[in-house]
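Attaching a single structure in structure tokens format; questions to follow.
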Amino acid sequence: MLAYLVKRLFQAIAVMLAISFIGFAIQDNLGDPLRELVGQSVSEETRQQLRDELGLNDSFLTQYVRFLGNAVQGDLGTSYFFKEPALDVIMKKLPATLELVLGATLIIVGLSVPLGVYTAIKPNSIPSKIIMGASIVGISIPVFLTAILMIYVFSVELHWLPSYGRGDVVHVFGYWDTNFANVDGWAHILLPSIALASIMLPLFVRLIRAEMMEVLQSEYVKYAKAKGIHPGRIYFVHALKNTLLPVITVGGVQIGTMVAYTILTETVFQWPGMGFMFLEAVNRVDTPLIVAYLIVVGFIFVVTNTIVDLIYGLVNPTVNLARMGA
Amino acid sequence: MSTVATNPEPSRFERIWNSNMAYSFRRNPVAVVSLAIFLAIAIMSLLAPVIAPFDPYDPAQIDIMNSEYPPVWVDGSEPEFILGTDDQGRDLWSTILYGTRLSLLIGLCAVGLQAFLGISIGLIAGYIGGRLDSLLMRLADIQLSFSTLMVAIIFLAVTQAMFGSETFNQYAVFFLIAVIGVAEWPQYARTVRATVLAEKKKEYVDSARVLGFGPLRIMVRHILPNSLSPIFVISTVQVANAIISEASLSFLGLGMPPSQPSLGSLISSGFDYIFSGSWWITAIPGVVLVVLVLVINLLGDWMRDVLNPKLYKG
Amino acid sequence: MSLLSVRDLTVKFAMRDQTVTALDQISFDLGKGERLGIVGESGAGKSITGFALMNLLSRPGFIDSGSINFEGREIAGLSDKEMRPIRGNRMAMIFQDPMVTLNPVLTIGQQMVETLQAHRKLSKADAEQISIMKLREVYIPSPEDRLGQYPHELSGGMRQRIVIAMALLLEPELIIADEPTTALDVTIQADIMELLLELCTSNMVGLILITHDLGVVSQMTERTLVMYAGRIIEAGKTREIINDPQHPYTQGLINALPQQTLPGQRLKQIPGNMPGLTAIPDGCPFAPRCQYAIDNCRRTRPETVSYANVEVACHEVNRLHNTVLEDQSA
């Protein structure tokens, strides 16, 4: 178990190194930090002096190692626009994005399992056909269109729900303000969460259905029937557990994908999260912020993937973590 | 598909194609309708320069005074513009035709690139095996664990910042094809590798080797035809995904510029006017995009049902 | 009265554009504690017979007509819900491959306890005690520890013993064993068969043993059915069938046994293949492969007749028997 953990950790570090390298390469090539610091009215001499002082004339490798050293200590540079540490800027925006992801995840988990199981158990029923039909339409509508459609229907036409922003949030601690504390917060997060969930939900329903149908064809399910086990137990104990194992792996990857989709949802709903911030940073060519976002998002991906792998190993009795480490 | 028809040795795939595929297609109205709609959209967009009443790329034909006319069935419309005009005064029908052409072009080319990279890597990894195989598959795992959209967003954002919007806009088509094409190779590589591993053990590959055929010939002539059905199924879904990715990237302003809009950028520019009531600039390209992706997905679903290799185990 | 009585059981499969007959009017009886072997090549309908008895045919298969009378009750038309108290309780089944029979994510204990609790009101602790007792009966070492283990932690032979223990949990009247050793190592096949025989005799449990191995049938069973292309072509006491087979197909099967072949000789396989379900000939299904077949065999389907202590479906059994006698006297 420990050996596997160490191995997985090493892999995670290797990927983070690769990401940081890409980040640094971007930093190195994109924009001139000097111009952002002192403007253009400084003489060439002072410029060279400043370059030396800032270490911009050092070799690529030296600069990279310095960048890495700073990054490990949480220093990802200073945002040109906000004039404060890039990591701080992101940390202030992170809770909004995470809450959005949480809202969408709740919708996905809450609906995909029952819908997927139902359509697998009763594949020929009318509700199943409707669910499957809706799911293929669902995966064919891009997230941003779902978002626009919902704004048009629920905000512009019906005036039921707000179309942008986080609304009335409640402070929790540090940078964390939550949407889940009052009605206004809920009203604001509802549409963005549904929009974000809209592409993943049908994917998961279809995935769970396909896996479940395969499991229901298996010998051990037939054997359980031959033992006279109640169908409820066959579906929810024998089959569901085997169904969810591969779903966990895919789910881990999809969490990462969801972070990407937050950029789209946040743009449409002007949700003050880090995705919205990233696009603004791109438009302002705020290089340190772009690089910091890349590294934070990369970190989120790596951490979720590692955790998902570990959970999979713990949940699946046929995976021997001790042996995998060897 | 022409590769199948010209293949001199009847492969397993070809037999399936001739019998079950055609049969199932005729019996499946959803597949027939989907293919018909897809072909209609594809042909119309291909013929955009011929059938479009205006050239949306020609500034001389655009008059800002014509902006935001609604479609002809709405009050205040201008009969000249069937589907109305966008915020810049372009004829929406013409712009959609050209935009669909771009979306399809980018989607197909990106998937072509994916398939080329993925199939080559999959063949090499499966055929050579050993350390190279494990290295490539490890890379595929890592690549898959990152979302394509995320990679594409960051790549395009950085490229745009690096080259400046003007240069970027000029070459946006290529950037989009490249990034969507490169990011999704593992899908193909994994599938092809699995087939190669399965086929490699079979006698005919051995006998081809004994006959002195080189590895390239064995792979292309003997192994590849057996990977065709999964490749077809993946490709269909991937085209749909690539079109969605392109639209999403363009919507974010990281893809096609408003001056040369794809469906995504058209929706994006229309979004600013949705609150003022000009819904058609967003809605009509949106419907076209969804219908296009939907019919491709429906075809993909049908193809998976028919070609699913599991059904032909024996 | 017999434990199980099957009459004219017909099973069909609804395919894409036609319906094929997988079991064609098969009839047989099984007494209490009696052991019956069903032999035939793969695809002859042996397994389908087993699943049909349990009413466990999976789509597109279905029981078309005929009756299955079990313990005096007609069970052919029962719903899943009505069958549930019978399955695993009165009639248990042992599947072919123990590697895929047990659920990989549930412990042995969970899978045994759920079987008991599905049919009896028992506490978990009581159910575990019964499970341990049954595991001991199938000679599983330290059965207490096995309950907490997952299937993948055990060998194939061990798993099949556990499946046998599970079949015995509720003291059923009938066990249907579908090729219970084919998936196992040759070295442990005999052990498992011996165990099964011992448990059936000591508990007076009826056994239907489905196998392609006439040798196993001769050691395990009292009566035998030989199946070909979904039909019973010969039935009778195992001893009679082994010693004096009447149907040319059965004769061919016995001649093909390795024991019947002298060292250095080739195995005497029956030439040709069994017809697929979609292409069963009109007359005797074996006619295309039968060296004695005459025109009549290819035209009309043979009725089952009693001949030399067995029931046999062959037009030419009379002539054939005489030819064999002539050969012997010559």
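We call the chains A, B and C, going by the order they appear; numbering starts again at 1 in every chain.
Throughout what follows, a residue touches a chain if its C-beta (ideal position, glycine included) is under 8 Å from a C-beta of that chain, and two chains touch if they have at least 3 such contacts.
As the structure is a prediction and not an experimental result, all values here were calculated from the model.
**Student:** If every chain is a node and each touching pair gets an edge, what shape is that graph: line, ring, star, complete or other?
**Tutor:** line
**Student:** Would you indicate which pair of chains has the most C-beta pairs in contact?
**Tutor:** A-B
**Student:** State, to the nearest whole Å, the distance from the C-alpha centre of chain A to the C-alpha centre of chain B.
**Tutor:** 24
**Student:** Express in whole angstrom the distance between the two chain centres, defined as the mean CA positions of chain B and chain C.
**Tutor:** 53
**Student:** Using mean CA coordinates as chain centres, what's the gap between chain A and chain C in Å?
**Tutor:** Chain centres of chain A and chain C, defined by C-alpha means, are spaced 54 Å apart.
**Student:** Touching at least two other chains at once: which residues of chain C meet that condition?
**Tutor:** Correct list: empty.
**Student:** Can you check the complex and tell me which residues of chain C touch chain A?
**Tutor:** 54, 56, 58, 80, 83-89, 92-93, 95, 97, 100-106, 114-115, 118-119, 150, 152, 166
**Student:** Of all residues in chain A, which touch chain B in the complex?
**Tutor:** Touching chain B: residues 15, 26, 29-31, 136-137, 139-145, 148-149, 151-152, 156, 252-253, 256-257, 259-261, 263-264, 267-268, 278-279, 282-283, 285, 287, 290, 294, 297, 301, 305 of chain A.
**Student:** Under the stated contact criterion, what part of chain B meets chain A in this complex?
**Tutor:** On the chain B side, the touching residues are 142, 144-147, 149-150, 153-154, 157-158, 160-162, 240, 244, 247-248, 251-254, 264, 267, 271, 274-275, 279, 282, 286, 289-290, 293-294, 297-298, 301.
**Student:** Could you list, by residue number, the parts of chain A that touch chain C in their complex?
**Tutor:** Touching chain C from chain A are residues 217-220, 222-231, 233, 237-238, 241-242, 245, 316-318.
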